[in-house]
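Here it is, the structure, as structure tokens.
So that you can tell them apart, the chains are marked A, B, C, D, E, F, G, H, I and J in the order they are listed, and the count of residues begins at 1 in each.
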Amino acid sequence: MAHNAISAPAIEVDDARRSAGLSWQKLADHIDRPLVWTVAALLGSHPVPREQAEAVRDLLSLSEETTTALQRQPYRVADSDLASDPTIYRFLELINVYGPAFKALIHEEFGDGIMSAINCNISFDRRSDPGGDRVVVTIDGKFLPYQW
Amino acid sequence: MAHNAISAPAIEVDDARRSAGLSWQKLADHIDRPLVWTVAALLGSHPVPREQAEAVRDLLSLSEETTTALQRQPYRVADSDLASDPTIYRFLELINVYGPAFKALIHEEFGDGIMSAINCNISFDRRSDPGGDRVVVTIDGKFLPYQW
Amino acid sequence: MAHNAISAPAIEVDDARRSAGLSWQKLADHIDRPLVWTVAALLGSHPVPREQAEAVRDLLSLSEETTTALQRQPYRVADSDLASDPTIYRFLELINVYGPAFKALIHEEFGDGIMSAINCNISFDRRSDPGGDRVVVTIDGKFLPYQW
Amino acid sequence: MAHNAISAPAIEVDDARRSAGLSWQKLADHIDRPLVWTVAALLGSHPVPREQAEAVRDLLSLSEETTTALQRQPYRVADSDLASDPTIYRFLELINVYGPAFKALIHEEFGDGIMSAINCNISFDRRSDPGGDRVVVTIDGKFLPYQW
Amino acid sequence: MAHNAISAPAIEVDDARRSAGLSWQKLADHIDRPLVWTVAALLGSHPVPREQAEAVRDLLSLSEETTTALQRQPYRVADSDLASDPTIYRFLELINVYGPAFKALIHEEFGDGIMSAINCNISFDRRSDPGGDRVVVTIDGKFLPYQW
Amino acid sequence: MAHNAISAPAIEVDDARRSAGLSWQKLADHIDRPLVWTVAALLGSHPVPREQAEAVRDLLSLSEETTTALQRQPYRVADSDLASDPTIYRFLELINVYGPAFKALIHEEFGDGIMSAINCNISFDRRSDPGGDRVVVTIDGKFLPYQW
Amino acid sequence: MAHNAISAPAIEVDDARRSAGLSWQKLADHIDRPLVWTVAALLGSHPVPREQAEAVRDLLSLSEETTTALQRQPYRVADSDLASDPTIYRFLELINVYGPAFKALIHEEFGDGIMSAINCNISFDRRSDPGGDRVVVTIDGKFLPYQW
Amino acid sequence: MAHNAISAPAIEVDDARRSAGLSWQKLADHIDRPLVWTVAALLGSHPVPREQAEAVRDLLSLSEETTTALQRQPYRVADSDLASDPTIYRFLELINVYGPAFKALIHEEFGDGIMSAINCNISFDRRSDPGGDRVVVTIDGKFLPYQW
Amino acid sequence: MAHNAISAPAIEVDDARRSAGLSWQKLADHIDRPLVWTVAALLGSHPVPREQAEAVRDLLSLSEETTTALQRQPYRVADSDLASDPTIYRFLELINVYGPAFKALIHEEFGDGIMSAINCNISFDRRSDPGGDRVVVTIDGKFLPYQW
Amino acid sequence: MAHNAISAPAIEVDDARRSAGLSWQKLADHIDRPLVWTVAALLGSHPVPREQAEAVRDLLSLSEETTTALQRQPYRVADSDLASDPTIYRFLELINVYGPAFKALIHEEFGDGIMSAINCNISFDRRSDPGGDRVVVTIDGKFLPYQW
């Protein structure tokens, strides 16, 4: 019920995962959920349903306290400390630079409204490239018109 | 050389574009640049090379003052006012919720480093969906390892 | 394309409205839109479609500059100055005091998700009461589940 | 005497409530108070009178420490962390977008003054709708004129 | 419709008042309003009714623009610049030091609630004292209980 | 030596005071100090002289740790969290609205300078009123001229 | 009536002073006031009495607008931009590093209270030193005890 | 290695000093260092050399933990909480009011540059005065020209 | 006398420089000053001596207004907008990541103190590298010990 | 996984290093990494590979908890407290003063883009100088062009 990534349950999950030599993808497969959802949930950004929480507990030998914490409805807070981490900050910089362009294109293509951040799937991929491999993040969110 | 989207040159470009009945894609095709780059540049986030600036000027009958302004090297500032616009804010909220997951996945897949926000292409698409059409934004950035 | 209530177009609309002795409800009826939407739009929070903008222009003898400004897609920015006005601040204070209760009730009743601020109607009424008449604001927004 | 929703007493109440399989409405009925008041009070936004605090203690087997904490006069602080939670943030966004409209309508209808956030009832309902069920929050506050 | 004390209308009123050699009390008597209310209103914190605005205009030979501005419903914003002026800051410091005591005493004497800042009269006096004359500010506000 | 009202010593004093069924006025009489001074001091805003600290200790059976803490010279910090509590916030709002008027009246009546927040007595009273009883706070501070 | 050093009147005074080849000390002597007071006042931190304002006007051929502005009661605002100027920032850094020591020494020597920033003289001197000449600033303020 | 004045070591030193009935000057004499330096160092703003730290330990019977902490190289952080303490704040207010004057005088007398906050001695004195005794703080810092 | 890079004089200098087809190095050679100093000074971070200002004026046909502005003593303010520009932000990020290491190394090598930002030369170079050319910035500042 | 320099593991490393009488350079040589990298990593800004972490553990007799913490992927957060430490602040001040010059020179020499803060080596040296020894920090980062 606290900050996203660096809560005690998140640290316990991540340490256990590394000790067990399991990739995030393995955990996602184990509970049959999408990759990005799984990582976000186990770091504290989504409540984990009981069945999945217990499956992860069994796989990683998590404490009961952490297993309970994973199931609580979290506060998804904007953590300005985390935002300054360079790996995360680059995403924010992209919004600073391209946000007005996204806004202009959404309004032109769909009219007045937003892309939902709730009804939204995100995928994460690696694309090999001779100039250096690339991170590919695809955001796929439902358009919601201002509607009265 | 000032705030991104709502500078006077940006307003002049956008008003002229609408009066002329031209889509952003048309402008992008006219100067043979990618769509998102074009919108961002004409709203002030990238310097526009002289040739392209003059091609847009001719198409939209822009003033010389705006044509000059488009070519200047901009300060790409983080504008907290713009960030609170709901259409832009949703993207920031995604980073709040999924940023730590992106960080964990980048480190697992690539090691310690970042996805470049400079060597980075972004595409914008509409995907039709029976549950409501969707905005699809794909970010494709080069991985950069911490390297000494 | 700027701050909501105190932009020059908003002042021109409001001064003209008072000079003409017209209530906000009259303006809403004139353009056949809901009351709260109409006030918000004419103060700069929603783009006004051309037909409605011109209908208001004709009724209030607005300048062409203001008529054009009303039709632009606005940036709906969070203005911390406006937020400290006592009449607006009381609404924010309610969110401070009752926000966690709203969150708990939404999650219990609907599950993990939000009330949309985009697909959302708001009404404003006066309720007479022997202890002093009351402001009644009803917010009616679609529930959106976190959905992958 | 600390932050609203995520204090230790609030967590104890909520965990006990879920373990007991009791809805917030059941708790409200048990102490004969309105629903939104009850949730806010048990999460720390209102002092709970001794009789009601003890009734909740008995129902949920709360600790004495929590029972005492519930009765203390709280500081109702604006918690910017909580405010960034998406479920709460949407309410703040509504005030950003519609606050000036509320202000204009209050002044037109009632004159110079505010809607009280103290003498104010709030109800929370679910309204079923073929396009998706909706959250309905009704704020009913006494108008207070600036009065010398 | 802008910042309180240092708006152009406020400067015009104050300059004219000094040129005319009139005290604030004289202005208050002229429009038959309390002293503190009058100063606050002419500096932009309260809308001035037409009759009083015109009476002040006639007394001080104000411009029509200022006379109109005085009648507008103001945004009463918290101006952090003004708050750092030493003469104003001392009042804020008193709230920092004694605010929790005020809160404790209000709750003990009246129960849970607030002193209204809307139904509130304030007087300003000079009290002569052998140790140095003193400023006496008396705040007299209605208690409002949290009431459902 | 920490935040004013909600430090552990303050909570211990207040809990003991309520258990003993003693009003703040009783404590003030017991140590022969003014009411507002006494509450502020026992909540941590003033150092309490040894004699008075021990008299309160004896009356309320305070711990030695708290008795020592009360005698330390405190840091009187501006706590923005406390400032957002509605009961305290109303006082701040009054300064926002009337601060420039206080400044103008002080300068007119006394010349350039301030009302001292150090040589300053504050009283707190209840005034009964048919329209609802009222909180009366009187601030009586020495004028200090800018003096070289 | 605005920011201290970089207001238009301050720039006019400083430019005129340099053109006339007059030191600040010369201006101070001309109006028979202390050096630091004079510089602060002419940069906008103190109201300048009419006689002195006109004496400076005559000496420097100032405009009437500036002469009037110098006589207005200023808002002495804390300007965070100015505070980051290295020459000013060093003074703030000294307060960061030595402020708690000043506080401890004032309380030990004088008891609970403050050094007045209003009844306070400041001198500025150059002291020659073989290791490099030194700036010597002496602050001489009256102690004010917390006094009820 | 943390906040200046209110760290646990600082409290231990100050409590022990008072119990022993020793003035700060006595401590300064004991370790043969200037007064202000000594107070600042023992409150955590300067690292204390081993010999002096042990001399203070012996005099005040400090714990080994505190003796070690005193010798660590501190982070001298700007603590905005401490800055709002009235006794410290008055010094900051002086910089707000007179900072631009200091800057102007330094530049006129010495040219472009700063007064060093590192090569800088500060003395603290009491000056008796019939109008009330005064705090005298003298800052004596080396001028450093911008030098390439 | 305002923000560094994007003041009107800075824009005039930069536009004139580009029109004339002159590199920054050419300007530096023309006034016989170091490269980084020259760019910083012409963008407003250092006062330009009269002789050099006039030499630049003659070379670039600058206006008298700009020529005068360049000679004024500037306020070197920390501009948080500029700091978010990606090209500048990377330098700040380096300080975030390596600042504590710089501090530890300075203290180990030199003792308690700082590297001067005033007595400090900075050079800017391009280093060719088969993996991509590199920016090389060398900061060479005098160590200043804390010295009493 | 927390703040850089003042985390518990950083304090343990630094205390052990001093007790052992080892310079940072010795540690760097021991693990065969560059000096600045080593200090930053051991203070928490870089993850330390297992082999190096264990080599440091053996050399300094670190606890297992610290040895594990050193290997975790850190959040490299911008810590505004640390930034106000004078030794670190001077570096930030240099960016405030010279940042726009760096930006102008990078764009002139390389075109639109940035100096990488990720592919970037930093060296730290002492340069003896008759006017006082100097700190020399050299930043050598790869230029990255905005590239689509």
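Everything below uses one rule, namely that a residue touches a chain if its C-beta (ideal position, glycine included) is under 8 Å from a C-beta of that chain, and two chains touch if they have at least 3 such contacts.
Given the structure is predicted, the values throughout are model-derived calculations rather than measurements.
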{"item": "Chain H reached from chain E - shortest hop count over touching chains", "value": "1"}
{"item": "Chain B onto chain F, rotation angle from CA fit, given as a multiple of 5 degrees", "value": "180"}
{"item": "Same or different residue numbers at the chain F/chain G copy interface, by half rule", "value": "same"}
{"item": "Pair exhibiting more inter-chain C-beta contacts, G-I or A-C", "value": "A-C"}
{"item": "Distance between chain centroids, defined by C-alpha means - chain G, chain H (Å)", "value": "23"}
{"item": "Separation of mean Cα positions, chain G and chain C [Å, integer]", "value": "47"}
{"item": "Distance between chain centroids, defined by C-alpha means - chain B, chain I (Å)", "value": "29"}
{"item": "Multi-partner residues of chain E (each touching 2 or more other chains)", "value": "5, 76-79, 82, 84-86, 93, 96-97, 103, 107, 113-114, 116-118, 120, 144"}
{"item": "Topology of the chain contact graph, where touching chains are joined (line, ring, star, complete, other)", "value": "other"}
{"item": "Which chain pairs touch, all of them", "value": "A-B, A-C, A-D, A-I, A-J, B-C, B-D, B-I, B-J, C-D, C-E, C-F, D-E, D-F, E-F, E-G, E-H, F-G, F-H, G-H, G-I, G-J, H-I, H-J, I-J"}
{"item": "Complex contact set, residues of chain J against chain G", "value": "84, 86, 89, 93, 96-97"}
{"item": "Contact footprint of chain C on chain B as seen in their complex", "value": "5-6, 11, 15, 81-82, 84-86"}
{"item": "Complex contacts: residues of chain I adjacent to chain G", "value": "1-2, 68, 75-79, 117-118"}
{"item": "Interfacial residue positions of chain D with respect to chain E in the complex", "value": "33-34, 37, 46-47, 73, 103, 107, 112-114, 116, 118-121, 144-148"}
{"item": "Chain B-facing residues of chain A, complex", "value": "4-5, 10, 14, 23-24, 35-36, 39-40, 43, 45, 76-79, 82-83, 85-88, 90-110, 113-117, 120, 122, 124, 126-127, 129, 131-144"}
